[in-house]
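In the two assemblies presented below, chain A is common to both, partnered first by chain B and then by chain C.
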Partner chain A sequence: MRYIGRRLLHGLLLLVGVSVLSFAFAELAPGDYFSELRTDPRVSAETAAALRAQSGLDRPLPVRYAAWVASVLRGDFGYSLAYNSPVGPLLWGRVRATLLLTGTATFLAWLIALPLGIWNATARGTWGDSVSKVVLSCLLAVPDLLLAIVFLVLAVETGYFPTGGMVSPGWASLSAPERVLDVAWHLALPAGVLVLGMLPTLVRHVRASMAEAIDSPFALSARAQGIPRQRLLFRHLLPAAANPLISLAGFSFGTLLSASLLIEVVMGWPGLGPLFLEAIMARDFALVLAVVILSASFLVAGNLLADILLYRMDPRIRMK
Partner chain B sequence: MAVDPFLSVRGLGKSFAGRPAFQNVTFSLERGRTLGLVGPSGSGKSTLARCLSFFDIPTSGEIWLEGRNLCALNRRQRAAMRADVQLIFQEPASSLNPRFTAAQIVTEPLLIRRFGTAKTRILRASEAMETVGLPRQALQTPALEFSGGERQRLAIARALAIEPKLLILDESFAGLDLSVQAQVANLLLDLQKRRGLTYILVSHDLALVWRLAGEIAVMDHGSIVEHAAVADLLARPQHPLTKELLDASLALSLDGAPA
Partner chain C sequence: MTTRTKIGAALVFLGILHGLAIFAGFLAPYPYAEQHREFPYLPPTRIHFLHLRPFVYGWAEGREDTMHSYPVQFLVHGRLFGVREPDVIFLLGSDAYGRDLFSRLLYGGRVSMLTGLLAAVLSLGLGLALGTAAGFHGGWLDQILMRGGELVMALPWLYLLLAVRAFLPLHITTVQAFFLLVVIIGGVGWVRPARLIRGVVLSARERGFVLAARGFGASDAYLIRRHILPLTLGVVLTQATVLIPQYILAEVALSFLGLGVGEPVPSWGNMLAEAQQYHALVAHRWMLAPGLAIIPVLLGYLLLADTLLESRNR
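Moving on, here comes the complex of A and B:
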């Protein structure tokens, strides 16, 4: 318990650090949301200054930071100047869409990577393993964006898949199963790109840690005992291979909010990605900061989750 | 007609991708005896040990155990045969699953053979623990809390729990300090006397082997170059490699121990 408490405190400190640094960097960057107004001849310098003062941007940095923290604690996450609304309500729908996309993709990627990596580790040196290695290396070398574009071209050419959005027009009038199918249909391409992007890393890690477990002396001796394959896999090899994979799964969880941002923009998925990009372009600082902090929170939570799981799974960590 | 020997190996060979690890190995061994298998690293003795226990499948030749040709068995029969032939690896300390308790380790070979009930398995395990000189209370201790010598004993206890007939120890003494080596050696001799176990000891250390073995086979480049009773081998080594090994271990034992 003390271990978990310490890790929790550690994570919170990290988040505070991220927010302070983000504030400092935003301060260093020239200009703010109202900079554009100065180039507009219809708006006088006084008006621009008054707008800045009204939105609190002229207050000293520590004061703004304190106000922001208070707003986070209320669940507002600051005030978006571009949308003229607290950030919180703007985010939640987008977060849901992003999580639907990345959650599905991450789940599918692991679902494929685990058996594939295990099989690769047991089939080392065979042509099947070599083929899978070459294919995965190619996938690793192809940027996700290129994949996204290729998928989009295919969607346009064939017409089998939609080229953007999350639902079809008139979605609300569909029955419940039809709605689910419609979302899945829209989800297929962006999720496919993400799965293909995640797969090489995951498979390689699974293969490496499984190979290490298979070659470890105790697994050899378990095989010499004549322990059946299934029991060997589930009782001996998987627990032994689990540690690096748990860490990786924590990281997978941690990137749920950030992994798909670019893909969302390119493939027109109404998640955090397009919102984030607009906010950066408009220098809508509160919105940018909220996305940064949320992503960082997921990363911290993912690592914390992995640590707790490792602590529970591995007697050697508990003994320290 | 002569009675079949307990173990008879005929023209055994193993190749990896066309390269032989050892070839045309032929010897026999009577029940309750100990064969020392010595030779330099890379001479093929570990691979031979793995083939004898069917951890690796030999590519040629036959292994006859108590009048049965093990190479002709199907998978199921071979799985049953594994109970008769137990292999204890190099570095026994790391050959135990660190997540398991002593009880889980010793009972697992029994469990996979559906031996008895959970209760009788534990009973058998605690007997095996006692045989190797570990306290029964240690059954619930996780494997990684044992010392190196204790893990060695635990590995032997696991092999003994299913009452094998042939025990193959592949460099299992390497890395143990001398007093523990002596304890384990005495334990093996005692078990042999009481249960009529047959051992094959694989080692590069001739000095260790001749204390335990009745006969010694010397391997070089994948073949047995000399095979004789210990007394003969020590008195009249024939092969240059045997002389070399003998000189090396004599030099060590004369320098080291205070007699």
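Moving on, here comes the complex of A and C:
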């Protein structure tokens, strides 16, 4: 318990540090939402200054930081000037869409990577392993940006898949099962690109840690004692190989919000990525800050989760 | 294949690819911004041969005009090849403004690969300096640097890049944008190499010959220069092979999103952004070329990184 408490505190401190740092950085940034507004000739310098005062941008930094933290605790995450509304409500729908996409893709990628990696580790030196190694290396060298564009072109050409968005027009009038199917149909391509992008790294790690377990002396002695192959693989070797994989899973979880940014932009998925990009272009710092904090908390939480899992699973860590 | 030949092959391969970009001014038949407004979205020019002499047909009304043929000329106007006006030779087709995609690809490779290289040099330099300082000095300096590093690592990488870019001016010249990209990508990436180098320095500090040299009264600067830095070389090299392709991809992503190098200077990222209009892309497949050009570069670096890692683990 003390260990978990310490990790939790550490994570919180990290987040506070990130928020202070990005807040200060936003302060140093030349230009803000209103200076971008000034490029519009209809807005005079006085109007911009008055608006700036009204939104509280002229108050000193610590005061604004305190106000911001209070608004984060309320769930508002500051006030978006571009959308003229609190940031929180803007975010949640986008976060849901992103999580739906990345969650599905991450789950599928692990579902494929685990058996494939284990099989590769047992089949080292055979042509099957070599082929899968070459294919995965090539896949690793293909940027997901390119994959997304190619998939999109295929969707346009074949017409089997939609060319963007999350739902068809008139989605609200469909029945419940049709709605789910419609979303799944829109999900297929972006999730496919994401899976292909994640797969090579995952399989590599699974293969490497399983290979290490298979080569260890205890595996040899267990085999010599006549433990059946299936049982040996899944009951003895997989737990022994689990530690790095748990860390990796924590990282997978941590990047749920951020892994799909480019794919969302290319494929028109209404997730956090396009919103973040628009916020940058409009210099809407409240929104940028909210996305940064949110993605950082996911990463920190992912690492924390992995730490806790490792602590539960591995007695060696508990002894320390 | 032995490790040596593998590394050699990867180096030669990468050397050729980088050479293509470096000598873009000679290899490309046109300057990167030269527009041929009368030939938008021209498909790749077909090269024909007559008695082993290459020539191309003119282009009229959407297809090859076999009435007019132009020989491919070599070494004219300080360029490797070209054809006489009014005909054009577009090996990979042209874009919406009638600019030669092949030429832009070579020039764009210059921008993208140079960004990757310079950013890697920057982040490795920072990582080397900070990592060595943290590992060698220890104590409060170590604490500050490593805690600071954790702050940087607490953000997903691409988001961090975008956030840093968000807080910097949007409207800048292409040269400024290029250096800004290098500084952002390199400046953000110091943490991982610094942590690895710190680890090496920590163990090196306690090695017998370092302790002996210290006992003989060697200064810190001498110890670091003569005994500790050489030990970090392996980590620095493998990190370089991992970081450069990652940074090339970062440049591509940022320029693709309109936050990097902008028109008319080509980079693989902003060229891909033109290909993003998938309706145009369906009819003009060749616009995908900049995306495909990244693949061999990444493959080369991957092969190099894998081989180096394998040989270090053995």
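Assume the second predicted complex is superposed on the first by the 317 of 320 C-alpha atoms of A that agree within 3 Å, B and C clash if a C-alpha of one lies under 4 Å from a C-alpha of the other, contacts with A are read in each partner's own complex, and residues count from 1 in each chain.
Note that in this section a residue touches a chain if its C-beta (ideal position, glycine included) is under 8 Å from a C-beta of that chain, and two chains touch if they have at least 3 such contacts.
Only a predicted model underlies this, so the values are computations on that prediction, with no experimental measurement involved.
S.K.: State whether chain B and chain C clash or fit side by side on chain A once the two structures are superposed.
M.R.: fit
S.K.: Nearest 10 degrees is fine: what angle do the Cα centroids of chain B and chain C make about that of chain A?
M.R.: 90
S.K.: Classify the contacts of A:Gly75 with the two partner chains as first (chain B alone), second (chain C alone), both, or neither.
M.R.: Once the two structures are laid over each other on A, A:Gly75 reaches no partner at all.
S.K.: Touching A:Ser258 in the superposition: chain B (first), chain C (second), both, neither?
M.R.: second
S.K.: A:Pro143 in the overlay: touching chain B, chain C, both, or neither? Say first, second, both or neither.
M.R.: In the superposed model, A:Pro143 contacts chain C only, not chain B.
S.K.: Counting residues of chain A in contact, which comes out ahead: chain B or chain C?
M.R.: In the superposed model, C touches more residues of chain A.
S.K.: After superposition on the shared chain, which partner residues are touched by A:Val291: those of chain B (first), chain C (second), both, or neither?
M.R.: The second partner, chain C, only.
S.K.: Between chain B and chain C, whom does A:Glu157 touch in the aligned arrangement: first, second, both, or neither?
M.R.: In the superposed model, A:Glu157 contacts chain C only, not chain B.
S.K.: Mind working out whether A:Gln225 is in touch with chain B, chain C, both or neither, as first, second, both or neither?
M.R.: first
S.K.: Once both complexes sit on top of each other, what is the least C-alpha distance from chain B to chain C, rounded to whole angstrom?
M.R.: Taking the overlay as described at the top, chain B lies 17 Å from chain C at its nearest C-alpha.
S.K.: Following superposition on chain A, which residues of chain A contact chain B and also contact chain C?
M.R.: none
S.K.: Spell out the part of chain A that touches chain B in their complex, as residue ranges.
M.R.: Touching chain B from chain A are residues 216-218, 220-228, 231, 236, 239-240, 314-316, 319.
S.K.: Which bits of chain C are touching chain A when the two form their complex?
M.R.: On the chain C side, the touching residues are 147, 150-151, 154-156, 158-159, 162-170, 249, 252-253, 256-259, 272, 275-276, 278-279, 281-282, 285, 288, 291-292, 294-296, 298-299, 302-303, 306.
S.K.: For the complex, give me every residue of chain B touching chain A.
M.R.: 50, 53, 55, 79, 82-83, 86-92, 94-99, 108-109, 112, 142, 144, 155, 158
S.K.: Would you tell me which residues of chain A are touching chain C in their complex?
M.R.: Listed in rising order, the residues are 14-15, 17-18, 21-22, 25-26, 28-31, 36, 137-138, 140-143, 145-146, 149-150, 152-153, 156-157, 163, 254-255, 257-259, 261-262, 265-266, 276-277, 279-281, 283, 285, 288, 291-292, 295-296, 298-300.
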